[in-house]
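Beneath this line is the structure, given in structure tokens, with notes to follow.
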Amino acid sequence: MHYKHRIAWRAAREIKAGQIINLGIGIPTLIMDYLPDRQQVFVHSENGIWGMGPRAAAGREDPDLIDAGAAYATIVPGAAFFDTLTSFAIIRGGRIDLAFLGALQVAQNGDLANWIIPGQMTPGIGGGMELAQKSRKVIVLTTHVTKTGAPKIVKSCSLPLTAPACVAMIITDRAVIEVSDAGLCLKELAEGVSVADVVAATEAPLLVPEGELPRF
Amino acid sequence: MHYKHRIAWRAAREIKAGQIINLGIGIPTLIMDYLPDRQQVFVHSENGIWGMGPRAAAGREDPDLIDAGAAYATIVPGAAFFDTLTSFAIIRGGRIDLAFLGALQVAQNGDLANWIIPGQMTPGIGGGMELAQKSRKVIVLTTHVTKTGAPKIVKSCSLPLTAPACVAMIITDRAVIEVSDAGLCLKELAEGVSVADVVAATEAPLLVPEGELPRF
Amino acid sequence: MSSSKIFSAAEACRSIADGATVLVGGFGQPGTPNRLLRQLLAQGTKQLTLVKNDASEPGLGISILIEAGRVAKLIASHVGLNPLAVALMHEGRLAIEVYPQGILAEKIRAGGAGLGGILTDIGLHLDTDRPAQLVEVAGARYKIEPALRGDVALIHAARADTMGNLVFTKTAGNFNPAMAMAADLVIVETGEIVPAGAIDPDHVHLPGAFVDRLVLVEKSAADYGVLKHHALQA
Amino acid sequence: MSSSKIFSAAEACRSIADGATVLVGGFGQPGTPNRLLRQLLAQGTKQLTLVKNDASEPGLGISILIEAGRVAKLIASHVGLNPLAVALMHEGRLAIEVYPQGILAEKIRAGGAGLGGILTDIGLHLDTDRPAQLVEVAGARYKIEPALRGDVALIHAARADTMGNLVFTKTAGNFNPAMAMAADLVIVETGEIVPAGAIDPDHVHLPGAFVDRLVLVEKSAADYGVLKHHALQA
């Protein structure tokens, strides 16, 4: 299984029946393939869907029906369409139980940076800032380090924040890490990865529980 | 013709084809019977109708379809229903061309008082404040004097204002008066009423043009 | 979102506590959740702060709670059609706070949309007992109207599906959509609950994401029928 | 409301002046008024300030105006799918102002609803080039976001009636309803104009009270069809 799919598969296990979830651009969109029970999880898409289904099959695309990343989408029975105002009222009003977002950096206190690299990448904010700040729970899905090997889980974000102290959990290609009041806590390891590997690739200090850690 | 109907009939002549109008509680609701061309005038009701028709005939009432005064209403073809938010976005957004409102007092500068008599009548504000302040044109329909004979067209309102300097025209059982930068200007007289009658019943000074005034 | 949103009126309203702030849909009778209000009366909930456009009329809507002395405070836009409420106010037994109708709706919407409030120039000329916070933006003066939320919203919809998607009808929408966004617990009564997928997703007026509990009601003539005194005489 | 709201694209857009602020519906391609944008390109309108969720993609939507150098400033929520717009920004030839997506929508709605602005706690932690006006309400800090209006709104609707009542579909609604409330001149393109009364009044998404001009468009495959690069491969 490709690492992105492994992250998505592991992330899907955090979803509880009855929850309203939002899947950010990138790895989070892959979660759609691993939803525990499609009848019991309602996917919100900020461009105006509550009850989004999987991507449209080839040849079955509707030009008026896309997801927030511009891919052609589908809906499940009981879905509703609405405008941007209503969509973000759902988000800022606190009705998203669980948002899965990508990251450029996550700090040990849960600060998230994922929207800008000044002078380099300036795609804009989109819906991420509101999702990060107002969802009841935010889980970050990301590679553990950048393409050049720099840690993404850091003591303090050097990049401008998307939202402060918003991340509850980080799922990477190497580990599952919980953000707690005491700091970052290593909870699970990917197959073939050691505690030492993860600690070495993480700038922020990690609390490592005694005993064997679960694998995913 | 009862004086209220005469006021409503005269008021209806101020409506131009294509306008969006709002009819306040009281005499203004009677205008519905005198609309120049029902296909060309769209009546807005603040409880959620654009394209309101006459009152529902006896036995044809729909419990879900009322006007802003709680009377059972009808709609015309091309009407739309919407919620309070949209209804007042239409009003405050400046899309009402012409609002007909009742009055307790109107001042010579166009100040309108029609919502409260402190310690005596406190029904609340309703939609009148927003209609008075934001409609493109406000015409007041009222009796010229109170039940006890006190003038309602005054130098300065003693009652709390609904909105300042908002009234463009006053149509009463005795006269049609325009609010201009120079002051109140007498434009028309009701049948059987003299200029002296109107001047005597009006506290604010009136500009009276030379020559015979039109009758209504 | 729980796995089933359908409750009896008693189950749905049981958790509404004394002293709660309750948003109540309706403009006059259309859109008023009469059955849920009768449940509040029956279960004895008291010291309520109610938010409704109007005070309803005697014997109807929220007036049944006002008349029973269950309402400490009413936030509304007008109360003109309810002399009982006006009398209680003058006796000092009912606090009434009034706002311009559209501003009341915007305050509630701001609460629902996760905003702190809105800026408005409506009523800037008024001296009220509420000291206004004023700001200047782009050269114009505005009053800050803080967001308003409820502990509970009681909503009436024409139709719902099992997911909680709502459809309103005619002038019975009014404050309901705004209020259904702006409470921690959103309880909806409706005359019809259809299966998921039976409502065209483009015809949904309020997505089920906002809705916690659905109550199927029989619409009695007394509470939901034509009021003769507002009808033309034959 | 004029006696007939139906115009050709050229007639409808003729009065749009150089330097105008133009609100443009659409999130990606769905809901984007492509035909009206092509009219602006054809008639040479320039020095525009455009407000759209995104910068569209090269060759589509507002990008045709950006590429032709007609856009002085873009107010958006993200521009990530348009490298041409990003390049122009880095060259200093296109000013870009970005807001959180829902806050951009709220600023526009405030403009349409006759409000001065909104209070939000989104992005309070940010230092931007825009100095924020901060206020404290009920013990919490908020940023004032002033209302935003356009001289013109260009809207795409799935269907309209001759009164200008609009119906949107699926994810093509997006910014259109907010923008259609918030401009002095509201021009709507649609693939279908039906007689007054043909749309159920409960199914109208935006009442015709807001709509000034309707343009009936043929929806070309190039502008309104499926974009292969966003589709799954067979």
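Things to note:
When the chains are written out, they are named A, B, C and D in that same order, and each has its own residue count from 1.
Following the convention adopted for this analysis, a contact is a pair of C-beta atoms (placed from the backbone, for glycine too) under 8 Å apart; a residue touches a chain by one contact, two chains touch by 3 or more.
As the structure is a computational prediction, the values presented were derived from the model and not from experiment.
Of all chains, the one whose mean C-alpha position sits at the greatest distance from that of chain D is B. In terms of C-beta pairs in contact, the better-connected of the chain pairs B-C and A-C is B-C.
Rounded to whole angstrom, the centroid-to-centroid distance between chain A and chain B, based on C-alpha atoms, equals 56 Å. Averaged C-alpha coordinates give centres for chain B and chain C that are 29 Å from one another. Work out the mean CA point of chain A and of chain C, and you get 36 Å between them. Chain C and chain D, compared by their mean Cα positions, are separated by 32 Å.
Residue positions of chain D touching 2 or more other chains: 106, 109, 113-115, 121, 168-170, 201-202. Of all residues in chain A, those that touch two or more other chains are 81-82, 85, 88-89, 91-92, 134.
With chains as nodes and touching pairs as edges, the resulting graph is of another kind, matching none of line, ring, star or complete. Pairwise, the chains that touch each other are A-C, A-D, B-C, B-D, C-D.
For chain B in complex with chain D, the residues that touch the partner chain are 17-20, 40, 42, 44, 50-51, 75, 77-82, 85-86, 88-95, 97, 134.
Residue ranges on chain D touching chain B, taken from their complex, read 1-3, 109, 112-115, 161-163, 165, 181-182, 195-197, 201-202, 204, 206-210.
Of all residues in chain A, those touching chain D in their complex are 45-49, 55-59, 61-66, 68, 70-73, 81-85, 87-89, 91-92, 122-127, 129-130, 133-134, 160-161, 163-164. Remark: chain C residues 27-31, 53-54, 76-81, 86, 89, 96, 98-103, 105-106, 109, 121-123, 125-127, 158, 168-178, 205, 224-227, 230-234 touch chain B in the complex. Within the complex formed with chain D, the residues of chain C that make contact are 106, 110, 113-121, 133, 135, 137-138, 140, 142, 144, 146-147, 167-170, 201-203.
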